Amino acid sequence: MKDLSVKLHSLELRNPVMTASGTFGYGWEYEDFVDLSKLGGIVVKATTGSHREGNPYPRMAETPHGMLNAIGLQNKGVDYFIKAIYPAISDFPTNVIVNVSGSTVEEYESVAEKINELEKIPAIELNISCPNVKEGGMAFGTSCASAQAVTRAVRKVYKKTLIVKLSPNVTSIVEIAKGVEDEGADSISLINTLLGMAIDVEKRKPVLSTITGGLSGPAIKPVALRMVWQVSQEVKIPVIGIGGISNASDAISFLLAGASAIQVGTANFIDPSVTMKIVAGIEDYLERHRIDSVKDLVGALDVS
Amino acid sequence: MKDLSVKLHSLELRNPVMTASGTFGYGWEYEDFVDLSKLGGIVVKATTGSHREGNPYPRMAETPHGMLNAIGLQNKGVDYFIKAIYPAISDFPTNVIVNVSGSTVEEYESVAEKINELEKIPAIELNISCPNVKEGGMAFGTSCASAQAVTRAVRKVYKKTLIVKLSPNVTSIVEIAKGVEDEGADSISLINTLLGMAIDVEKRKPVLSTITGGLSGPAIKPVALRMVWQVSQEVKIPVIGIGGISNASDAISFLLAGASAIQVGTANFIDPSVTMKIVAGIEDYLERHRIDSVKDLVGALDVS
Amino acid sequence: MKKFIHDFKVIKKWLPGSNHVILHLLCSEPLPPIKAGQFAEILIPDEPEVFLRRPISIHDVDTKNNTISLFVKIVGKGTYKLSELRVDDTLNLLYPLGQGFEFPEHDKILLVGGGCGVAPLLFLAHSLSQHNYHPDILIGSRNADEIHETGEYEKYGNLYLITEDGSLGEKGLVTHHSIFKTDEFKYKIVYACGPEGMLKAVNQKLKGFDTEVFVSLENTMACGIGACLSCVVKTTTGNRCVCTEGPVFNTKELAGW
Amino acid sequence: MKKFIHDFKVIKKWLPGSNHVILHLLCSEPLPPIKAGQFAEILIPDEPEVFLRRPISIHDVDTKNNTISLFVKIVGKGTYKLSELRVDDTLNLLYPLGQGFEFPEHDKILLVGGGCGVAPLLFLAHSLSQHNYHPDILIGSRNADEIHETGEYEKYGNLYLITEDGSLGEKGLVTHHSIFKTDEFKYKIVYACGPEGMLKAVNQKLKGFDTEVFVSLENTMACGIGACLSCVVKTTTGNRCVCTEGPVFNTKELAGW
């Protein structure tokens, strides 16, 4: 038996495979296909201070090896989450991490403070990188000062593992990563979606109601991998790799590049059981390469 | 007959379809497949102040619907270009545009000054966005101040149509576009490649000798389209759309988003005659939609 | 309802008319219970231009032979690829998805199908008939070339036809059919499938009547299982997912209808 | 030489051994002149994981029947897909590419092939024989399972074999073959194809001899026609493109060999 466990600050994962926020619902959507007790963790949908309807339909466009989304943080708000959703998911046999979003520093802070009270939620992921809301969201993640401001405010009220999720739509991802590390983030996850656009040429209209949206899927994998590599060289806290991961080999690329864990997003839509195959594939890789612990893969890229 | 002609400042193109630098050689490589007299123009390989060997092999990696390259501006230098290449291409029956690169402002300036003397070259494309060279290249394109400095210096010595090619690896493409417009650029082309990375997990090594490289192909099309849309809203000079264009419908997307012309890059590798199909497809689209001039498509996206 | 991912084998395929394909698929496992109106998310094989699964309604189910059928209009890359499948090819389905149609308490039922939206109607007629309902069925289309399997529908109820060019049945749009004559309209429940424009027209037409109208929507989907929130429709109670809370909705619940 | 993009029809396919495929392809147009050592860039059909064309050597040419053959080792997605093709399927080739082998002035020729790199050798032996040369041919491989078409090679010259496990011919690596015995080595020209390690070993082995060694390189390629500069090899005169200036090089020109 290989040791697949990894640690993100004080958060222990039985394996490095998690699911990405907004692509795995609250977990129960996948119960026919995924044995949650075999996942490292699930990051549930974005939760905001109050109820949000999200953007108008259409909110999705297919692109070459990827998709654009413009969901816009549709969710029922943190109080509803605590009352109606938390009880249903708090006993899941895996780590349940809440993705926290907002339009103002105060909103992030207040959501984080409320989630801090939930015993069975060991960590939050601060989403300062959503490209699909007019105010806030990505804006926080594209300037170092505002990324730091949100992290600082949330760090004050949130006592458990604090993951900050970065936007790739920036000139220097390393600068922002170091900025949030300095403010006390326990881990960094990246990347959120790249800002993109699609046009229906026959109708001469944008496909999305919001014109632009967030690009995800295998198309963005090379960019994500590069950013994980760059950031993990420069920060001391553990990095979580996200972006286009669709099979074990993709997952291992991110580990080698320096990620301590990974999240699977869009690939869940194509194969709802893909995470189980990734866990099995990582184990198989360790066997074939005679490596005892997955921790030995983290950052083990040979650049000689 | 439909009118396919477009104008980029004082540069007249018989149609909006050009080929992208570094993907079409000097044009003669494609003579068995492309009737150059049916192209709007060709942008030849990057030319630098002196001979460059480029990066070590391997310089290329395939990715989902895309590829990474790390060529590193291999070329024989501007003097060789003038002496040995210019005579062979100056009579091509299309616009031949030289892609000018360098490591210092002085190098850009001196190359541009020399190309300015070449009667049959009606325009240059300033490549401030190459991610594959250690010094210079992309660095110029990722800060507004340095993008402006290069443009300013070249503008002083280059009297014909000056196109500046932007890097997508930035937080605000609009800021840089406006910056170079202010310095006298006649047109803006975008995007160059996104910085990415690929790993061979079995060997546990990066695929490219340079670890990271530039991502091109359909994978980047949504990002390119978004940037063309954003920039063309904010500048007055004509925009040239580049990024993943592989068929007429892709080309028309970029025109609708605001590009006055487009360049085809990676798609030439998969189908060396693709540009001919794109020209024919645009004409067919105009027929079907009863539009007389391709100029009427430029920026005609309906966002109501 | 429990969902599955199963491989199916193409056992029969035909191309009725010029732009449709009907596939009969044998399941590699025993078929789970499936309700009329439910759909599958289909993995399109070997097609580089298609990334996401494609939602397609269950057109009919034959539990005895462990097969299902699909009725697909060829509109783009994915549906074209489905039309290129050969007998013995394998197709991967995520199914059964969505809520399907609810059976009513009485028997004054009209099924209305337009164009390709007709797909789920056959299975609905079939199921209703199995439960001793006697629906009337109205199918409208551009022309005769787009109306198929009339013999199948006739097994389960009276079939009425209308085409825009009059090449089959009455002439006109679906809502022009004489069945909608105000003074004779007798149905308490209408189940309609088809292009959104047609569904809205049918709904408008019946606004004054004491009739409940159920429609099956076809919003674009990424996951099909309620995870991505791409497929929402605006309802009187906010955005709801067509994939899990639909695809069938009572038009009373739809905002702006 | 003029290059073409042609559709070919698969007229014969077989899978010799466990991980090779040999394809016979009929050209839809009259075949252009092709030289031994040239290759084609093949568009892999219907495979979402493959984006670029794949370079494959011309294994043999039959001008009378307007066909060519390919000999492919299955190493990844693209080559696997080639092995899945069926008779009558269509394959799109960009060809003939590269410079191929030059014919020498004398007749003391040894062809050396290792593993799958053997592909261009059959056509080379065939061409040499057509021009009245009498090459000797040495093929080395891991085991007998990887050596095919020996009867074909024997038509054109004396065939020598060696396998790592001794299951066919002598036992050992290619360079261990008795043909390389110092006192008996008589060849003025060696044409070698195969894994780079083997090519380098052959070249090293012959360093003291009055022999010119030509090798066919297999650098990864994007365009195949000299446009992208991905495929370079370091030569004594700088980086040069394997696709247009090779794939065959005199080892004297290769830096570091």
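Order as written gives the chain letters A, B, C and D; numbering starts at 1 within each chain.
As a convention for this text, a contact is a pair of C-beta atoms (placed from the backbone, for glycine too) under 8 Å apart; a residue touches a chain by one contact, two chains touch by 3 or more.
This one's a predicted model, so the numbers in the text were calculated from it and none came from an experiment.
Looking at subunit B and subunit C, the chains in contact with each of them are A, D.
The chain with its Cα centre farthest from the Cα centre of subunit B is C.
Each chain gets one centre point, the mean of its Cα atoms, and the points for subunit A and subunit C are 36 Å apart.
Centroids built from CA atoms put subunit B at 34 Å from subunit A.
Taking each chain's centre as the mean of its C-alpha atoms, subunit C lies 55 Å from subunit D.
For subunit B, residues touching at least two other chains, in rising order: 63-66, 217.
The set of subunit C residues that touch two or more partner chains comprises 48, 51.
The touch graph of these protein chains is a ring, one cycle where each chain has exactly two neighbours. Chain pairs that touch one another, listed by label: A-B, A-C, B-D, C-D.
Contacts from subunit D toward subunit B in the complex involve residues 2-5, 43, 49-53, 94, 219-234, 238-239, 244. Against subunit B, in their complex, subunit A makes its touches with residues 63-66, 68, 142-143, 169-171, 194-199, 201, 203-206, 211-212, 215, 217-223, 225-226, 229, 244, 249, 252-253, 256-257, 285, 300-303. Residues of subunit B that touch subunit D in their complex: 22-25, 29-30, 32-33, 53-54, 56-60, 62-67, 69, 71, 74, 217, 266, 268-273.
By the touch criterion stated above, subunit D contacts subunit C in their complex at residues 46-48, 51.
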